[in-house]
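You will see two complexes here that share chain A, one where it goes with chain B and one where it goes with chain C.
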Partner chain A sequence: MFEPAVLAQILWTGLATSSHMVLFTIAFALVLKVVKLWNFAQAGMMAIAFYAMYAGVNQFGWPTLPSVGFGLALTLAATLALERFGFRVLRARRSSSLLFFIFTLVCSEFAAYALTLIFGTEPAPLFERILSPVRIVAGIAVSDWDLLALGVTIGLATALALYLRFSSDGRCLVAVSDNAELAELYGISAKRAYLIAFALASVLVCAGMYLYGTRTAVIPTAPLQLMIFAVIATLLGGMGSVLGAAIAAVTLSLLQSYSILIVPSKWQGMILYVFLFVTILFFPSGAHPMRLLRRFGLRRG
Partner chain B sequence: MKVNRRVVLKAAVAGALSAGLPLRLWAQNRSNLKFGLAMPLTGSQSAYGKDQVTAAQWAVDEINAKGGVQGHKLEMIVLDTQADAQVGISTVNRLISVEKVPVFITAWSAVVKAVAPIANREKVLELSVGANSPEIASLGDYVFTTFPLADVDVNAVARYAHQSLGKKTAAVLYINNDTGVEAAKVYRDAFESVGGKVVAYEAYDPKATDYSGMLLKVRAANPEMVHIHGLITDLPQVIAQMRQLGLQQRVSTYSAGYNPNIIKQLGPAAEGLIVTSLAPGVGERPQVKEYVERWQKQENRVPNGLPYTQYLHDAPVMVARMYEWVLKNKLPITGENMRKALLGVRRFDLPLTGVVEVDATHRVKKPVNLMTVEKGKFVLLATVN
Partner chain C sequence: MDYVFSILILVGIYIVLAASFNLIIGRAGLASIAHPIFFALGAYTAALLAIHFGLNPVLATLAGAVVAAVFSLMISLPSLRISGDYLMITSIGFQLGLLQVIKNIEITGSQGGLSNIPTPIAGPERGAVFSIIALAAAAGTVLLIRWIVRGPYGRAINAMRDDELAFIALGRDATRIKIAIFAVGCGLAGVAGGIYAFYFQYLTPEQYEILASGTMLTMVVVGGMGSTWGPVVGALMLVALPQAITFLQLPPSYMAPVQGMIFTLLVILFLFLKPQGLVSPEPPAPLAHRRAGRV
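Presenting the complex of A and B:
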């Protein structure tokens, strides 16, 4: 098990399979950073994204690109409607964080139930075939899906980083995330920033569900399970740090993959919950490497 | 006697009752003979469950079209279990307490096991049709299977892999639930009993969608054969991810894999897959040919899990024979008497599955057809007795 080829394969597959998780985590962390909202409604948006693409491909018989476009359009519409007619109303009423939290959960459950009524509960992949061509490179199996997943994830993460760093809208998002009231004093619309954050999250969610749905079958309640990973990674990465959350998502995924070297595979799912438990108890503001070093006295504060 | 209004009324009531009694008795005699069918109609296993219900309904319709059982119509009460133990318990409680059925049919090992204590406590006959955990044989006096348990077909496929295919090493991958755990042990014991060696033995979470970790362990162990004991929902995913990781070993599974959807989802990667079938095929029994043709005509497809649907089709036929035995012996219709009838009839010659013999061991033995995927179709590989 400890041969270099096996370790390298775990690394490669772990990175590839973490790709959609990274996208979900970035979407979740971005909304949390800008809107200050634990957006569990993202699970509902993930389900809408998948089933819209699924309907495009399998029920309307459209090619891939228009189906993805349809999925993105529906997800954007649902997300922006949720912000405009849901969150904005709750904000105007100065509702408590608990009410926001419950509202997001209700939205997710509602979406899952509605999609169950429309599409049923039978697991369905996006395309009839779930296999993609594989080649062996230096003893490592590399599939087309792996390359696509890594390419899409790196591409979107880079584009988002550049957008936030160099575009005026991106800088507005950062300003609102730092201090929304102060940003408004400088003429930056927080409402607009929230809409942009939700729109960006929709793009990431849609891309993530495309990758996930081309590799495995999906049921309407599956996104809620996937969300747990995004929440743990966001907590680990330090709330408010999109980059930290993305790195935490990759690290978590790799730790889960490498865990097979020491624990039976049936325990792999539980590792996430161990991390959640440890993070909430011991690292409530995230597990930044520098902070960890300082905590254990390996680096001066 | 003084005849007043009260006497007239009493006489009228008594007359009406005495006139109505025979009618009521007659009506009771001609009342429907009920049985329950608790299957997954929603949830991830519903594609199987619905087809099995359709098959059972066809059989009930055929029996009733021929006059029913001694003039009584057979009535099937169908309820959903979602293939979930907890839902199954509520469903069976309703069948027994509300619908008052003396016998019910169910499937999926987790459900069969969960509802067994209710069947035993209430003395209602539970027929497991399709579940294959070997533990089902020891669930109590009122739980019987009409379907061979995993120790029949999994045993056969394990022995065949070593003795006929010459595979010396195997990996066993199984879903970590009632369906997988016991059956995986059966495969391991059978394969090792004939001289093979199981080099990887890994369970996966029923909710898992990524199996890479487990499969990398298999890759490191480099077995000659891989046996997967999962559910139809995860089986294609495991095989697909296996191929994506460059694992090209021949794969075997049990009767859940006998499903055309697997070939659709996996395409050429399904080639060589070995599955089991515990029911006669189209070429072996003309009734099966007609049955498959009916599916093609009515649903434009073959059913999901053809052999399972054959057993489900034949289950109401068994129930009808049991009712016939009870009525013939002039016994009250109770779960206890249905159990007596099952053991009394003992040998059932059924239209789609052939002879099924039930005895006190709570086991059923049948020849096992091993099917393999060849050029995108399931073809017979061997028959193991």
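Presenting the complex of A and C:
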């Protein structure tokens, strides 16, 4: 059971299947960092992204790329409308975090009900075939989907990191996330930064749902469960650290994958909540993986 | 007529849930949203005791309330260290983690749900009797909470919510108050669970997911957080209004999503048009009428 080949296979498959979770987590953590909002409406964005792509492929008969473009366009439109006509109004009223929580959750609920009305509750994958060709590399089964998932995730995460570090808009985002009022004094528009953060989150969510939907059948309420993972990973990673959240997402995914060696599969879901509870009790401001790495001398800083 | 009784019973149950939730979140400012899991604990405990030990329904419901109150320690103790968003997320973790347990153990019926719950009342008057029980429980809950918050204990709760540091600095015991509020609020949710279990005779874990938290929280906020009658109005409106379309006789596959959309649109409408809720919190009693008391 603990043979190196088995462990390596679990590592590879775990990394590949963590890819969409990482994208959802980065999207969630980015909005939390910049907008200071626990955006539970992300589940609604995820559902819209998937079903728009699904409609493109299966109902309009479009090729993959235009369908993904359609999904992205609808997700962007919904998200930016939410920010412009929802969050901005609530912020102007200085609404409590509970009101934001209700609003974001209700938006996700509304999206789930509307999509249930249109598409029903039958689980549906994006394409008819969810199996992809597999090859054996050094004793490890590597599928085309694994390579696509890891490639897309690494590519988007790198692009986001470069954007935040080197573009002027990216630096504005970082400034607003540090101190929105001070950033505005320097002429940076916080409203614009929020819109950009939501737009970036839409791209990540759309890519994540494409990867998830090509591998698994989806129902309108499924994104809510996926988002809970993103919430927990964000908390574990330490609020305000997008990289920390991404590392937490990979770690949690791998732990869940490896747990099949010792924990019955039906209890794998519990691992997430145990970690959440332990983290909240012992690391109330998050585990901050980057700080832990520095503490143990594994990273300069 | 059965349909009307079902709605009345649901209204009664949701008034108990919303009013007890309001005590925790509105009155004491403790941002836990795990209330549905205490509803579940009450329902499952009462149902299992009735199924396996044939316990009297009243005693089984009370046992459900006690179990819910005891489990509330798992939220009230962390609330001594954390607050705000962290408490909210912890409570979600607690709720979903415990649901995961309910979904995976056989005695609770696992994912398929728990059925064959015995009914204490049979015959044509069943709906009417349960309606009276549920509405009486609702009235009892509202009056009990009103009594708590209008006395010296209520003023202590308000003081703790408004400035916990100053409250502790004055020598008051915030720990005891938090634990007591969670125990009372969650215990009442357990009572609602018992009534639900014995009337509907079927429980499924999906009923207690995070969307149920959203529903209960919405009733409190739309009704008026921190007010005595707000949760009553919120529960009444949000249970009754989506039922209006039942008379359109849509196919079942359309009915649930359309009702859900009406519910969510109503909530969004209220959040923007009446963000303070339909009922404003009562102003504090004049100082001259306050009795001296220490908690």
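Heads up, the rule we're going with is that the second predicted complex is superposed on the first by the 288 of 301 C-alpha atoms of A that agree within 3 Å, B and C clash if a C-alpha of one lies under 4 Å from a C-alpha of the other, contacts with A are read in each partner's own complex, and residues count from 1 in each chain.
The definition used in the following text is that a residue touches a chain if its C-beta (ideal position, glycine included) is under 8 Å from a C-beta of that chain, and two chains touch if they have at least 3 such contacts.
Here the structure is a predicted model, which is why all the values come from computation and not from measurement.
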Discussion item. Quick check on the superposed pair: does A:Gly151 touch chain B, chain C, both, or neither? Answer first, second, both or neither.
Written reply: neither
Worksheet item: Which holds for A:Ser257: it touches chain B only (first), chain C only (second), both, or neither?
Response: first
Discussion item. Is A:Pro66 touching anything from chain B or chain C once the two structures are fitted on A? First, second, both or neither.
Written reply: neither
Item to complete: Would you check which partner chain A:Gly120 touches, where first means chain B only, second means chain C only, and both and neither mean what they say?
Response: both
Practice prompt. May I ask you to decide whether A:Ile232 touches chain B, chain C, both, or neither, giving the answer as first, second, both or neither?
Written response: second
Discussion item. In the overlaid three-chain picture, which partner chain does A:Ser97 touch, first (chain B) or second (chain C), both, or neither?
Written reply: second
Fill in: Touching partner for A:Gly269 - first (chain B), second (chain C), both, neither
both
Fill in: Touching both chain B and chain C, residues of chain A
120, 266, 269
Worksheet item: Which part of chain A faces chain B closely enough to touch in the complex?
Response: 1, 3, 6, 9-10, 13-14, 17, 120-123, 125, 128-132, 134, 136, 141, 143, 145-146, 212, 215-217, 219, 222, 225, 256-257, 259-260, 264-266, 268-269
Practice prompt. Can you check the complex and tell me which residues of chain B touch chain A?
Written response: 42-44, 46-47, 176, 202-205, 207-214, 216-217, 219-220, 233, 236-237, 240-241, 243-246, 264-267, 269
Worksheet item: Given the complex with chain C, which residues does chain A contribute to the contact?
Response: 38, 89-90, 93, 95, 97-99, 101-103, 105-107, 109-110, 112-114, 116-117, 120, 224, 228, 231-232, 235, 266-267, 269-270, 272-274, 276-277, 280-281, 284
Worksheet entry | Residues of chain C touching chain A in the complex | 25, 31, 33, 78, 81-82, 84-86, 88-90, 92-94, 96-97, 100-101, 104, 209-211, 213-214, 217-218, 221, 225, 253-254, 256-258, 260-261, 264-265, 267-268, 271-272, 275
